[in-house]
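These notes open a run of structures that come right after.
In what comes next, subunit A is part of two complexes: it sits with subunit B in the first one and with subunit C in the second one.
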Partner chain A sequence: MMTLRHVLSVLLFGYPVPPEMIDPHFPSFLQRGGGMLLTLLITGLSMLIGAILGTALALCRREKTKAASANAFDRMIGSALYSTATVLVEAVRGLPIALLILLTFHLPYRLFHLRLPDSVLAITALSFYSGAYLSEIVRAGFRSFDPSLHHVGRVLGLTPRQVLLKIELPIICRHMLPDLTNLAVTVFKDSSTLAIVAVPELTYVARQMVMSEPINYGLVLLLVLGSYWVLATVLSVLTTRTLRLLVPMHISF
Partner chain B sequence: MDFARYVFAPPYWGWLCRGLGMTLIIGITSGLGSALLGFLVLRCYLSPNRLFRATGACYVMVFRNLPLLPLLLFLAFGLPEIWRQIGWGAFPRGLELALLLLGLSFNTGAYLAEILRAGAEAVAPSQTEAARTLGLMPGTIRRRVVYPQAVRIMAPALASRFIHNMKNSTLALVVPLPLESMELLGQAGRIAGQTFSWAEPLIFVTSVYLLLAHGLGRLLNYWAANEHARILAA
Partner chain C sequence: MKTRNLVFVLLSIGMVLLGYYIGKGRNSQQIVSPGQKSGDTLSKIKSDGRLIVGIGQEAAPFGYRENNELVGFDVDIARAIAGRLEEYAGRKVSLEFKSVTDETRIAWVQSGEVHLSLCHTNITRKRLANVDFSVPYGWDGKGILYRRAEGKRDLDWFAGKSIGIKRSSSSEGEIKSYFENKGWTLPSLRQFDNHAAGIRALMDGQIDGFTDDNSIIINTAMLAGYKVGLAGPLSMTDTSYSPTFFGIAAPQNDSVWRDTLNYCLHDLWLSGDFQTIYDKWFGPKSMCPIPLKDHKMEPFVKG
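Here is the complex of A and B:
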């Protein structure tokens, strides 16, 4: 007998993966789980990786990277980094998320015969997605940074790296919080697109449920939409406020 | 990689061209629909009536935080199911495209409404007061003073939303449209279904989208920068 409790637990944790479906080539924990929990896991991890990737891309795209060093070789490396990062960011930002996901799931195998578990591919796709958008946010942050603070740091005897890690990033971090929250909500919502490649996150679990149990698809989808909505709203309302409180004035990296 | 066979060969090339046409049609139609919705909601926001303002705020709050894919799935599959369950008989057929456009418009409309509201709030209240002093009617003030400036102030954000909407049309992939009205990515999937090769059509679609996003994006941004500059010059 289907109960509301059963439905909710499936939406939260997904269906258990039958043992014969688990690929022995990969660690099995990468192939378990599903539902809202998987959605949240994918969102969190790809935001985290995206944050690192995005900061790196933004650093590559600073004007200083392109032409600052006196050394010709360094300048060459710098401009190569600059253009690679620019192309990557513009490409990812120009593509719809569905296309990006399909590319990540089909190209590596076709080009390099590289096989990876679905969850890893899903996190890769969303990390690139969030990284590209995040790099623009970080870049805007760098632009808004008062350059005289940079000079102050240098005069006080900090190395350029220390200035970046101890002064620039901490200050920018607080400025970026609203944008980061927005991006996190966007990634959370867009992770639903992973259903097209059968990653068992919340949206796909709804379909699995309709196929295996006598339940109205419309009702399940309403439940799914409701849970996305509640979590996205909570995320967008709460995080901006709480993060402000949680992130102290003086963080350093 | 065999583009000659999987992309440029007779049936597939036709499918992709048709798909591109449908992408443009879906993107533009839902863009217009969402602009209409956005203005409707902006009108609600500017209304003195509290009920209208609450309705507008509710709409934005609901649709801004709904993911698009489950929403489209709900419109395509869930709604007919519920329709039948209630006992209204069979769901009318042939509404898939209309429902898809509705879903896309409602999604983008919420964002556009938010952008337009920010634009309307950026118009100095002294201008509205001046217009009222000059004896203009509230409707005329909105049409002649508030709306044009709101659009111009927010032109860059609006342009990027329209491009985003165009990209969102790829989610039509999950909607059971008739074969001839599937958009670009749907047609690529159709090719993959026949040839078992995703890579070639996907790479082709990728290049089309890059051209579209950056070409159309540049065009729209040019318009946006012009409009934005006009407000700064005034």
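Here is the complex of A and C:
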């Protein structure tokens, strides 16, 4: 009565979400799914948001930000940005992921009386998490950038912004590839911590399954382990491939 | 450089203040949660028509999956209460579920994130320090599940043995105080993430017994395919070391809201809807029958 196909489909797509759990104010594709699909959705979106956040934080924390300008006001803004970014990054990096998730699920309502769907909160928590780590990776990337290339760009008539977007970021992107892949896999696996706040991702669905269906506890654990392992491997290969496609190949030295 | 240090100091002070602001509500007796006066859950529902219920999804027969659908005693009670509530709120009430776990079911009621929590929560004095409870809407006891093949056991046999318990359940304190009062050697307690894991460990021989609310254990074991009782590999002790009263957790110091929940339960009892729902999950045909005649809800007199 309990087929392997049923088990796999539940692990992949999750259990159907009862209508009372769907908040009509938010997009339903974020709230209907579950299982591995939701794990992937959360990982993908939080890596994407984390990439933007992380790059912004890294730019705030560049050595240049705080010393470059001759204008005293600009220098002050630069220092403020530097400090804020540093405090944010260090705060998030110093928190265990379980605590970060509990805080993210608690604070929006506590402070602003804001009710958000579980998946939105999950993506927020993991975005901060990946953003903080990503900013360190991007910072290391900036450090690895040969400053003479910057002068070359300037001499060729590019503005500082063009140098950043057209030369610096594409080159360091390639340097950061292994670290980025690593982070994507870490976020993917750490998303299992979301089970403590009942986000219906893979681990939580497995927990629900062993409590509701005549299935061997060990078998479920084995299947979940297998799914994480296979997906993590696929993810690491895919991330490398896609990023290689995105980053222009002709820039090399 | 100096500006940077200044900003650092300011940000740190800001974080400490933020922490103070968040923590403040918890220590003060008067403040239920920031920005709220006590006793306004019902008026909030009256104004926006949303009833947010924290629902557990990991314990049969209270909230679990059957043919993929979320079913259970708590789920049915939540839907029935939302129906009754319309009379007291004087408007249409839309029921919204927020999934809670055993770790968050009390905390989110405290913070106001959910208006009530239906997650097979036992009424204990420790929990009453943080939230209020409705009148009991479910009754059970706590015995110890053991391997039947090794002979009949009673509670005293478990002195000094190893017993599995469910994490974040109230059974830990209860079993300790029961054994202490009897003057028996305390059993060594091992915590498990969920009931299924504990029952599996019991079958494997890692532990000598597993305990929590009888109905949850028996239902979980039966669903996992292990019969409990004469026909199966597992059995439950005849006596229980602690009675159990299940209550609806509601925010602290909100008497209007707690009264309303009690009235809803009483209305359901008087109309017979409660008995119908109860019979579905604890009646003679259920996996763990608990006869309603042994327990009774005493509705307050109307008028």
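The rule we apply is simple: the second predicted complex is superposed on the first by the 230 of 253 C-alpha atoms of A that agree within 3 Å, B and C clash if a C-alpha of one lies under 4 Å from a C-alpha of the other, contacts with A are read in each partner's own complex, and residues count from 1 in each chain.
In the analysis below, a residue touches a chain if its C-beta (ideal position, glycine included) is under 8 Å from a C-beta of that chain, and two chains touch if they have at least 3 such contacts.
Note that the structure is a prediction, hence the values are computed from the model and not measured.
Peer 1: With the two complexes overlaid on their shared chain, look at subunit A and say whether subunit B and subunit C clash or fit.
Peer 2: clash
Peer 1: Let me test your reading of the model: by the given contact rule, A:V224 touches which partner, first (subunit B), second (subunit C), both or neither?
Peer 2: The answer is first: A:V224 touches subunit B but not subunit C.
Peer 1: Where does A:A206 make contact in the superposed view: on subunit B (first), on subunit C (second), on both, or on neither?
Peer 2: first
Peer 1: Per the contact definition in the header, classify A:E168: touching subunit B only (first), subunit C only (second), both, or neither.
Peer 2: So A:E168 meets neither subunit B nor subunit C here.
Peer 1: For A:A91 in the superposed arrangement: first (subunit B), second (subunit C), both or neither?
Peer 2: both
Peer 1: In the superposed arrangement, which partner chain does A:L99 touch: subunit B (first), subunit C (second), both, or neither?
Peer 2: first
Peer 1: Tell me the contact category for A:R110 with respect to subunit B and subunit C: first, second, both or neither.
Peer 2: Both partners.
Peer 1: Which partner does A:I196 contact after superposing on A: first (subunit B), second (subunit C), both, neither?
Peer 2: Touch partners of A:I196: subunit B and subunit C.
Peer 1: Which of 23-31, 41-49, 59-67 or 77-85 in subunit B clashes with subunit C after superposition?
Peer 2: Among 23-31, 41-49, 59-67 or 77-85, only one stretch of subunit B overlaps subunit C, namely 77-85.
Peer 1: Find the residues of subunit A that appear in the contact set with subunit B and again in the contact set with subunit C.
Peer 2: Overlap of subunit B and subunit C footprints on subunit A: residues 91, 106-107, 110-111, 195-196, 217-218.
Peer 1: Across the complex, what residues on subunit C touch subunit A?
Peer 2: 3-4, 7-8, 11-12, 15, 22, 33-35, 52-53, 57-60, 64-66, 68-70, 75, 95-101, 103-104, 107, 111-113, 193-197, 200, 220, 223-225
Peer 1: For a test of understanding, state which residues of subunit B touch subunit A in their complex under the given definition.
Peer 2: Interface residues on the subunit B side: 61-62, 65-71, 73-74, 77-82, 85, 167-171, 173-174, 185, 197-199, 202-203, 205-206, 209-210, 213-214, 217.
Peer 1: Could you list, by residue number, the parts of subunit A that touch subunit C in their complex?
Peer 2: Interface residues on the subunit A side: 10, 15-16, 18, 20-21, 23, 66, 75-76, 79-80, 82-84, 86-87, 91, 105-107, 109-111, 113, 115, 118, 195-200, 207-215, 217-218.
Peer 1: Going by the contact rule at the top, pick out the subunit A residues touching subunit B in the complex.
Peer 2: 90-91, 93-99, 102-103, 106-107, 110-111, 185, 188-190, 192-193, 195-196, 202-203, 206, 216-222, 224-225, 228-229, 232-233, 236
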